[in-house]
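Both complexes below contain chain A, partnered by chain B and then by chain C.
This part shows the complex of A and B:
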C-alpha cells in the first residue's frame, strides 16, 4: 500500500542505475552534509487546534499577499491545500475516524511547510547552488544564483518549492524560509512558532527536539503514535512531527529513510559525467513525478488518501 | 475641535453649497430644511467623573497594574509530583478559596508582548474572573498544577513565575506563558463543556489601523464613506441587511403570540408612550437609525450604500448625527478622519443613541443615560469599575447583537448575568475575618432561583440621572404655560409634548417575570374601560417556577386613542404638517394613521397607558446590593440568622443581616434616597403574592424548616 513513493524512488534508482556507468563508486563517495547543530521545529499534532494563526504569522513575517479568504475563515478546511508561492505554510484538517466524548468526529490538523531536510534533495538537485542548507538548519533560496530551472520543485520529496508563475518578469522560487532572518537573531523564533497559541510548534535545536519528541510520545503512549516523523525520513528533517493519528492517515508520505540526495546526486553526477543535458534529467525526474502525481490524484496510491471531508 | 481646523471655513462653504443644492433638488426637503438651522455637533463626553476629576475605572486599573508588574525571575526548579502525591504532602492543607487574593484579573503580562512581531497586536488582553474559576473548579491545584521546589514559595505561585518565554533552552519542554494559558483554558473548557474555546470567546479582536486602508477624498459625502467601507466589507454589510439595527424589526421570540415572527419592531408596528410611534415621524426618529436618509416609507432597505457604518464604528468621538435629519450626520463634520479611525463600538457609540432614547438624555431608559459614558464604580460596576464596553456583554455575531428588553420586541440573542456569573453567583469567598460569608453566600445562591440578580444589585434606578416616568400628551399645546422645574431641575411641561414627571434614584416596581412579554402593537384593540392599558408587561406568576422577581421602571402617561376603532392612535408630530407645527391634533392623527395604514374615525380621547421597562444596567458593586434585613422584616427584630442557626461562634449574625445598600451614604452624595433609608420589606412581599415575609410564612414552594416555631420563639422572648 505504501508503494507510490517508494515505487517512485525504485524507478529513480533503476533509471539512475541504468544511466550510471559507475554507480557503485558514486554511492560510496556520498557523505551527509547535515549541519551538526541545526535548529528545528517539533510540530505536535496532538496540540494543534487548527486556528490557522501560523498561516497568518507566516504571511505577515514574509510580507505575502492578503489571502482570498481571511485567516479566521475555517471554510478553507473543506479543501485539502498545499503550500504555494503565496502561502508558505497551510493547515489542513483530517477526519481520521476518531470521535470525541459526544461522538462527534474529532479533527486532526496538520501544518504543512518545508521540512528543511537535513540533506535536502532540492539543494542537491539545484545545479547552481541557489538552494542551500544553512548551518542553522534553514534551507534557503538565493535569488542571485537561481536560473529558474525548477529542478528543486521536481526533486523535493514533499513537493514544497513553488514557482511564481504569475510573475513573468522576476519569478521566484518560494517556500518556507524557516524564518532565516528571525532565527539568526539572538533569541529569535520562527513567526509561526512564535504566534502558535498552544505551542503546537516547538522551536529549538533539532537534537533537543528529538529528545523532547520521544519524551512526549513515551509519556502518553495511549494517545501518541510511537513515531517521530522526520527523525529518519529522507535521512532526517529539521522539522519533526509527532501525532495522535497514524501518519499515513494524514497524507504524510511514507518516505524512505535514505537521504534522497544520495540517490539524486548519484543520478546527477552520472548524467553530468556523461554530459547529458540537464533537460534530460528534468525529463526523467519530471516524468517520474508526473506518474506519481497522477496516482495521487486518481487516488490509486495507497495509504491515507482520504480526500473526502466529513465536515 | 473642528473649529480649530484651518480648513474649517472652506469645509463649511462646500457643505453649505451642498445643502443648498439639496434644497434646490428637493431631494430631502425635511432634512435640508432642518439642516439649515442645525447647530454645531455636540462635543464628545469628557473623560471625567461627575466631580470633574479624571475618570479612572478603578478595578480595571488595579488589575492592569498587577498584570504589568515586572516579571519575576524564572523558576527553574519545579516540584513534579502527581496530584495524589501532592494531596498527601499537603495533608488536608490544600489551598482553598480563602487564599485567592484577587477576584478579577486581566491577563496582559509583558511576557506576552513582542513588539517586533508584526502580529503582536491581533487580540486584546483577557478579562479573567479568577475567583469565579476557583469556585467553579473548586480545586486551586487544577490550574496551579505544580509548584516551585523552593520551600518558601506559595503553593499557588502565579502562572508567570514558571511560564515565561517559550522555547527556553534552559528549561526544555517548559511551555511559554501564552501556550500555558491557552492549553489549560481550552483543555478545561472543552472537558467541562463550559467556557469559550474560540479566540473571540475570550479575546477582543483588535481592529487594524484603517488610516492607510481607507482611501477617501477630503470631506467625503456619507454615502461615499459607506461605499469605501463596502469595498472590503461587503460581507459585513450583507449581514447587516437582516439586522435589527438596520431594519428596526426582527425576530420577537419572547413576545407572547408573536414568538416565531420576524415583523415586530419600532420600524413596523410597536407603539410606546413617549413619542408614540415612528411612522409619519421618520426624519426625527430615524436620526438614530444606522442608515442615511430614512425619511419616509420608501426607504430602500436593500441599498447597502445607505448604511451608516460610522455611527457604531467611530472611535474618535466626533461623529454625530444631526437630530432631525433622518440619520444624516452634521454636515460640518469631516468624515474622512473619522473613517480612517474606525474600530470597535464603545459606550460612546452605543450610548449616543441608546442613552438618548425618547428624545433626550435618560428619558426612556431607567438604567441608561449619559452618566454611563464615564460612570463611577458605584454607578455601574462593570462600566465604571472595569471599563466594560457594551458589546463585551452584548456579544455580536454577523452584526446581530445579543440582548433583549421589554421595551422593544426584537431580540437577536439573549444575555443574562448568569452567562458570566453562573447560576450560583455568590462565591464562597471567605478570607480572614469573613468566615460568615459562607453562610450568607449559601442563602444568596438559593435566592437566585427566585429573584433575578438585578433585583438586589440594582436597588434603585435612574441612580445617577433623573428619568421620565409620566408623560401626559393631553396637556400639550399650551404655548403660554410656563414650565416649572422639579427638585431635580427637570421641567414639568413642554408645550409640544405635554406634562412630565421625573424620578431619580427611585425604587423599582417589582414583578414576577419569566422572560416573556405581553405587548400591544399598532392597530391592536384595547379597552380603556378595563383600566390602564399596558403597552408592555412582563409575563410571570408566583406559582410559575420559571418566573423570578425582576425590577422594572414603569412608564405611565396619557396618549391618544380612537374610541370608535378601539385602538391607540399614531400621531404625526414632526414635519411641516405635524402637530409640532400645526398644533392641530385632528390633522396630526389623520396623517399619522394614514402612514400607519389604519382608518381613523375622527374621534379621539386620551387614555392612560403604562409600559414596563426592564432594569439591567447601573449594576451596583456587590457590597452595595440589597441586604437581608432590607427585604425581610423578620430579620429586623432581636433575632436574625439565629432563628435557625444556633451556633453563633465566630459569627456576627446581626452584622451579616444588616449589611446592604448604604442609602445614607448615597443620600450624603446627593441622591434622592432619603425615603429608602431604614426601609424593610423593600420588594413588598404581599404585592408579589406572598402571605408575608417568607422567613415567617414560607417561600413560594417550600416552608422554612423551623418556620412553624419561629413566631412562637419571637413572641416568647
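This part shows the complex of A and C:
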C-alpha cells in the first residue's frame, strides 16, 4: 500500500477541523418525547364482567378476520390468550382466590391490548420509524416504512406487536391502533370503549384519567389495590389500569419505572452526536498510521525502527 | 511484504469431496429459501409472536459479524500500527470479512419479512434506533471491504479489465482512508450490535444484560479477530496442503493474550459489580450456557495461550483458537437466543430444520466462495507443500 503524503494531510486536516468544530463531549441529557396532552383509556378491572363485547367491537372496527370461536363463547377463558395478528385485544379470566357472597370463586377479567406507552420502546427501536407515537397518544404502524425486521417485537415490554409470519411478501406488524382514525375525529372514542356496557373502559385525556383513577381507588380502598398500573410503569402508558387484585396475579408484570428507550438512546446520542466519537477515532488512527508508517510514507528512514515480535 | 512470498492463486484441485458437500448444503438451503418465499417465515422457521428473532439473527448476523472481525483487526495491525510482518494474513482475513458481511446481508434479506424493502432505512432515517446505526455501518463497511479488495482483483485481472487498473491506481493513493474507515466503522457496529438487546431489559437474562454490553461486544470482537484468522488459516492451509504459516500465526496468538485478557477482566468485573454471580449456581440452562461460554470459551483458551508450547504447536494453537471462536459465537447465541425470554412465552424456542438448513447453507456459501477466490485470485501467500504425506 502506498500513501501519498499530500493526500494524507489533506484528509487528516479536514477531519481535524471537523473534530475542532465538535462542541467537546456533547452533553446528552435524555428527554422524554411523551406528547403533552395525550389521550388515554382507564380500564377499571373491578367493573369488567368479561362479556367480550370489546373484542367484538375491535374486530368489527378494524375489519379483522372472523375468530374460530364466536365472541359469546366463554370457553375461550379456559386458557390465557394474547393479542395476535388476528385480534388486537383479548380478555382473560383469572381466579385469584377471591370469593363472592355465596362463597363461589370470583373471577377477575383482564382486557389486554397495546398500552400505548408514553415513550414506546417499539418506536425507539424501529429502524425506519414505521412505528410512531402520535400527538394524540396512539402508537401506530406505517406500512410504507416497515421492512419487517421485528425489532419492535424484541423491544416491546408488553409483547404486543404481532407478526403475520405466514405472509411471504408483505407481512404486517399488527397491533391495537387506539382506533387512531376514530379518536382523531371530534368526540370519537375507541371501538372497545364505546361498546363497553359497564363503563369499565373510560376514554379521555390521560391527565384527567389519572385523577379519576386515583379518585376511584381512594373512594374504595378496601377493594382496590392502591396502584394505578401504567402511571409509572415504563415511564407511563396511555392506557391505565386499576384493579381489585394484585397486578402480578393477573399477568401484569412488574415493570421498571424508567422509560425503556432511555438507556439505548442515551448511549447512541452520547457517541454519535455530531459523529464526534467516530471522527475522533479516525483522527487517532490516522495519527497512529502516520507516525508508525512514516518511513513508508515519506520514503525516508525515520526513528523507531520496527521491531519484530517473536512468540 | 519483503521477506514473504507474494500472495498468489492456489493451484489445488477444486472439485474435492469437501466442495461437493458445500454444494449439497447450498442446494439444500436453496429449497428452504424458495419455501420461505412461498409460505412465509412461518413455513420454514419456529419464529413466533414471543420469539421474533431466532437462529438467523443469532448466528448468520450476530455471530457472522463478530467472526468477520479478523478483517479490521489485521488491517489495523499491519497497515495502521505498521506491523508489516503480518501482511501475509491480511488478504485472507479481508476476503473472509468481505464474504462474511456479504452473507450477513443475504441472511438479513431472507430474515426480514419484507425483503424487497431492505433499502428503506437508507431513506427513512431513525437515529434513535440502534438497529439503524448498525445497518448503516454494515452497509458502508460492506462497500469499504469491496473497495479494499479491488487491488487483489486488479493484480490478477488488471491488464485485461482496464477499469480495474484505473481504480487500482486511484486506490494506491487513497487506500489509507478506507483502511481507517473500515476500522472505525467496525468499532461502531460491533459495539452497536451489543446495544441492540439493551432495548429489552425485562427480557434479557441479567447474566448478560449490562449497560456494558456494547463495550463487551467490541472487546470480544477485537479479541476474536486473530484467533479467527488463525483458525481459518490453519483449516485453509491444511485442506489446501499449504505451508502452515506458523511464523505469522504464533506471534498473532501472543497478541491475543492481552486482548482476550482485557475482555475477560471486564466481563468478570461487570459480573462482580452487578452481583449477577448469584445466578451462576441456579442450574438453569442460562447459567450453564454462561459458564460454558466463559470457562471453555475464554478462561481455558486464555490460560492455554500463555504457554509458549501451545503457541508453537500447530495442533494446540488450532484447538485453542477454535475454543475462543466458539466462545464468542456462543456469547452471541447466548445474548440473542438463550438469554432472551419473554414473560408471555408459551413454549421455548428451538430452531427448525429450515432455519438450520439455511444457516448451514449460508456458511457453506462463504466457504465455497472463499475456495473459489483463493483459487483464482492472489489471496494466500503460503506456498503449496512439495511433498504431501
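Following the convention adopted for this analysis, the second predicted complex is superposed on the first by the 236 of 311 C-alpha atoms of A that agree within 3 Å, B and C clash if a C-alpha of one lies under 4 Å from a C-alpha of the other, contacts with A are read in each partner's own complex, and residues count from 1 in each chain.
In this section, a contact is a pair of C-beta atoms (placed from the backbone, for glycine too) under 8 Å apart; a residue touches a chain by one contact, two chains touch by 3 or more.
Bear in mind the structure is a predicted one, so any value in this text is a computation, not a measurement.
S.K.: Tell me which partner touches more residues of chain A in the superposed arrangement, chain B or chain C.
M.R.: For chain A, the partner with the higher number of touched residues is C.
S.K.: Would you sort A:46 into first (chain B), second (chain C), both or neither based on which partner it touches?
M.R.: So A:46 meets neither chain B nor chain C here.
S.K.: Would you check which partner chain A:67 touches, where first means chain B only, second means chain C only, and both and neither mean what they say?
M.R.: neither
S.K.: Could you tell me if A:129 is touching chain B, chain C, both of them or neither one (first, second, both, neither)?
M.R.: second
S.K.: So, A:255: does it touch chain B (first), chain C (second), both, or neither?
M.R.: Only chain C; A:255 stays clear of chain B.
S.K.: Answer with first, second, both or neither: which of chain B and chain C does A:163 touch in the superposed model?
M.R.: A:163 contacts chain C only, not chain B.
S.K.: Identify the partner contact of A:35: answer first if only chain B is touched, second if only chain C is, both if each is, neither if none is.
M.R.: Touch status of A:35: no partner.
S.K.: Answer with first, second, both or neither: which of chain B and chain C does A:153 touch in the superposed model?
M.R.: second
S.K.: Residues of chain C touching chain A in their complex?
M.R.: Those residues of chain C that touch chain A are 36-43, 45, 47-50, 52-53, 76, 79-85, 111-118, 120-121, 124-133, 135, 172-177, 179-181, 183-185, 187-188, 195-203, 211, 214, 250-251, 253-254, 308, 311-312, 340, 342-344.
S.K.: For a test of understanding, state which residues of chain B touch chain A in their complex under the given definition.
M.R.: Per the stated touch rule, the residues are 114, 117-119, 122, 165-167, 169, 172-173, 175-176, 178-179, 182-183, 186, 199.
S.K.: Show which residues of chain A lie in contact with chain C when the two form their complex.
M.R.: 1-4, 7-8, 11, 82, 84-85, 121, 124-130, 145-151, 153-155, 157, 159, 162-171, 251, 253, 255-256, 260-261, 263-265, 267-269, 271-272, 278, 281-282, 285-286, 288-289, 292-293, 296, 306, 308-311
S.K.: Quick check on the complex: what are the chain A residues that touch chain B?
M.R.: 47, 49, 51, 53, 56-57, 60-61, 72, 187, 189, 191, 193-199, 202-205, 208, 211-212, 215-216
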